[in-house]
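First chain written, first letter: the chains are A, B and C, and each begins at residue 1.
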Amino acid sequence: MTATAHRAADTLPDVDRPSFARLMLSEWTKLRTVRRWTVALLAAPVLIILVGVLTASSSQPGALDSPLVGPDGTWVQDRFHFVHRPLTGDGTVTTRIASTTLEFSVPPEDGGDARARDVERTVWSKAGLMIKDGLRPGARYAAVMVTPGRGVRLQSNFTTDIAGPAAGAPTWLRLTRAGSTISAFQSADGLSWDPVGTVTVPGLPQTVEVGPFVTSPTATLLAQRQFGSIRLGQYPTTTRAVFERPTLEPAGAPGTGSGEPSDGWQDDEVDDSAVQAGTPPAPDRAGGKGPQAAPPPAVWAGDRLTLVGVGDIAPRTPGEDVIKQNLTGGYAGLMAIVAVAVLFVTAEYRRGMLRTTFAASPGRRRVLAAKALVVGAVAFVIGFTASVAVLLITQPIMRDNGFLPPVYPDWSLTDPTVSRAIVGTAAVLAAIAVFSLALGTVLRRAAGTVAAVIVLIVLPQLLASGLPPVAGQWLMRLTPAAGFTIQQTIPRYDHVPRICVPENGCVYDQPWAGFAVICAYALVTMAVALWAVQRRDA
Amino acid sequence: MSAVHAIHAEWTKLRTVASTPWLLFAAVAVTVGISAMVTAGASSRTCPTPSICLDDLPRLGLTGAQYGQIFVVVLAVLVMSEEYTTRSITMSLAAVPRRWRLYLSKAAILTGVVVVVGSLGVLGALLAVRRLLPGTALSAANSDQSLSLADGPTLRAGYGTVLYLALVALLSYGVAAILRDTAGSIATMLLLLYVAPILTSIITDPAWLKRIEQFSPMLAGLKIQATTALDTLVIGPWQGLGVLALWAAGALLAGLLSLQLRDV
Amino acid sequence: MTIEVRGLRKRYGSKVAVDDLSFTVEPGMVTGFVGPNGAGKSTTMRIVLGLDAADAGTALVGGRPYRTLARPLRTVGALLDASAVHPGRSARNHLLWLAQSNAIPRRRVDEVLDLAGLTTVAKRTVGGFSLGMRQRLGIAAALLGDPAVIIFDEPLNGLDIEGIQWIRGLLRSLADDGRAVLISSHLMSELEDSADHLLVIGRGRLLADTTVRELVTTASGDRVAVRTGMRTEAMTALADTGALATITDGETVTVAGLSIERVVELLTRRGVTFTGVSAHRASLEEAYMELTRDAVEFGTAGRGGRAAR
């Protein structure tokens, strides 16, 4: 009997089945005709915008210690010890780095040797050869260097970084200028040279300063958590590098003409702290100390040059991601969306209406898929509209509050990172809506589902600040809120170490990775729901 | 006389629904479990001056209440909203037609149950944390603070947390009486409670931070857990709990008016 | 004890649900409350029970508003919506909290469970009950306080034959005990055999307040059907007396307000031949339809048709 009925249903002509578009239309009608749901869905963008405006109008930028910018306007730091001489036109500078020594101290309560190894692993100390447009901090440059543990690198204008051979001191380095093209080479013996890479430094003047340099930044590491706050350990380092036979061809004008190897080389510290003039010296947001004392001058012993450096040559990024911050309202808006998405299916179970729905369109999976698409599309539209609105509203507010270039570069909605944040917010809300709907289908109870979804999304954010950093980070990575990583807009540089504090939204390095997590939640739950809806009685 | 009967009936209603024991169990388990987890995860190893870093051991030991309260919210919402979603409100009002009496009976039973469960959670959390402490790095630093209920501030943090949970329950109950819908009420409550801490983790303007901490039902209410450095709080422990009490009173009153004046 | 409704009005938005309704439900009899869907029966009952507030008028039970009763279940037993029960609670626990709220002894719970034939399923959760079982549970709840006034909204809905007979017997015995019993239905046939008194309501207004017998009589009047081949002549003969005559089908003329003897006499005097004369007696159902013809809320396209369910 059942078998017969089943076969009969299978052989029904296809024209009798409502088209999927018609099914979606019917679900859309159901969604928009419950007044309470419409109110809640309208509340979502209002919440997103309100929270965004509140965040924007009540935020202030961190105290600015140096507004130094690089050649392309990027916020940078530029401090190093430079022994140099002028080069006019094309030429080649060569040296051997005999040794580099990293010096720093870790208080015993910070973890002693283990922490010291962390510092060594993290810090990008640099020793090598540089060609720079004068001694002004922030000026154009290209440099080849050894960095302990990271091999030979060629860097230029702060943001470019090319990895070369995995060699360390002792090693030979060479930098060749031909117009605005600069090529770097590395050699173990000073005879056979391997290319490291080539960069173009546009706008480099005819006469540049060239020579050995050393710099050594302050390592910032996550210390243990205490009471809802994370302490950052800061360890200033110095690097002592020994150069042998630095030579420039053509040699250019001699200095005193003494014939000593040091003749013609000038010793200077390029120091961006001079740029601070006029701005009050404020501690770094991470709780760092003031600028380090200047290192001792260069020491020549025959053709051996010992150079001690502190500082860093690198782009800087602000602590706050302005775009992500102003999109925080997503957390508030999603609560309304979750409630509606859950009710959209549990209300049918509760009222027995699902029987009507399934009687009207027996393809249960198609019904559920139509519901999911409708609710996801609605959430996407809400998220997209509200994100665009909130960013447009908050942009002038943030400017008034002092979020200005160079630290907070100007942005427009069409910037790839900003568009990604907007579309990403909308997509995350859509995925959360589908996840909620699917979980509601599986659990069939509104109360449990709403609580579960909101707990899964909101609480890791809070709980992460109470757990050890690693546990907190994994909690954030594995729960649906990881999706909001897609709102990240701050540029990341592989050659700049960064500290990742999970509750600050630093969950994944790749914005899309977090989005994949929430999508996985939505898809897996949806699969279970599709299976359950077919298998269970209505 | 009749009030007693109404309360008795509400107690029967509450205990004869399967979700109640689970929610109560979860509230206690989460409060104790997260308190223990957070305490075990905190470390003073790298803290230069323990007396500054580890200022509030009792508060740390009661962190779990921030998460256990979710189940209290769900329970409190269900107590009222299920009457509407199952339409059994008609039976309830046929049996107890004086609506304020029905409303207050429910509130009384809810409060009683939450006080008992909250006390279990608080005692469990403090006991668990006390047992855990010797094994953590915190122990060396906490000599100046005790987790004993004989200690005045710790005792206040303890029963204050119980009161906090009871007020959160009453707030949720009032919201459910206004909205008459389970999912909507739970979403509203969680929004009301948890958006503030997310905001304060982002906002940097001190004036706004202060404002949010003073008026958020969760942040202000939880000040009752503070035991040291009270002069640095933006709002005192009891004043903070008072803010939450005002929220709860407002919601309770609005819920009562909604029940009295609207048709069911 | 009685139910007294005076000048009751209630509107929801722009829709008038109850319009100047007055009636009294007397003790010792079953009063049927009948009208099409949406006529205002349930609204009236909800107002009597204090669930909805009237815009005007009063509804008193035993002379007092329901909301002032201290232990209302001991005065009024009501079944409004059998499915309005928490699905997660057992039948016994559902009755238990009701009993406790009105200080009704615990043993009474078992008594009404037994009365309603639910003893064997008392510990099962209501969510798994059939409509009929829920109806029985609702009736058990209504009888819990041994009330003097009984109000049942559509008690026969979803019951099988055995259940219907059980309720009919129950209603009869409740009325015979001297209780005031008010039951509603949208089907007159359900009430035909059980109600002593009828309240007919349509579009919120009272259409009839009468006994079953009276209703049938007034509705059918003295209608006489004449089968004849001379319809026009018959019509003229009968209409001359002032009576209302209508042609109901090809060979039948129906006349109201005349006795069968008078009809035969009139026709004979005019020389109208006929093949048959019969006194037509309307059923209660027809009488009801006639009364509510204009009051059907969701009528089918042809107005003369039957009331939509």
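FYI, contacts are C-beta pairs under 8 Å (C-beta built on N, C-alpha and C of every residue); 3 or more make two chains touch, one makes a residue touch a chain.
Computed from a predicted model, the values in this text were never measured in an experiment.
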Comparison of B-C and A-B by number of C-beta pairs in contact, larger one: A-B
Innermost chain by mean C-alpha position: B
Rounded Å distance, subunit A centre to subunit C centre (Cα mean): 73
Centre-of-Cα separation between subunit C and subunit B, whole angstrom: 51
Inter-chain centre distance, subunit A versus subunit B - centres from mean C-alpha coordinates, in Å: 36
Multi-chain contact sites of subunit B, meaning residues that touch two or more partners: 19
Subunit C partner contacts - residues on subunit B that touch it in the complex: 1-2, 5-6, 8-10, 12-13, 16-19, 82, 86-99, 263-264
Subunit B-facing residues of subunit C, complex: 46, 49-53, 66-73, 76, 78, 80-81, 83-90, 93-94, 96-98, 100-103, 141
Subunit B partner contacts - residues on subunit A that touch it in the complex: 36, 40, 47, 51, 54-55, 57-60, 62, 107, 109-111, 223-227, 231, 233, 320, 325, 328, 331-332, 335-336, 338-339, 342-343, 346, 350, 446-451, 454-455, 458-459, 461-463, 465-468, 471, 503-504
In the complex, subunit B residues that touch subunit A: 19, 34, 37-38, 41-48, 53-56, 60, 63, 66-67, 70, 73-74, 77-78, 81, 85, 137, 181-184, 186-188, 190-191, 194-195, 197-199, 201-205, 207-209
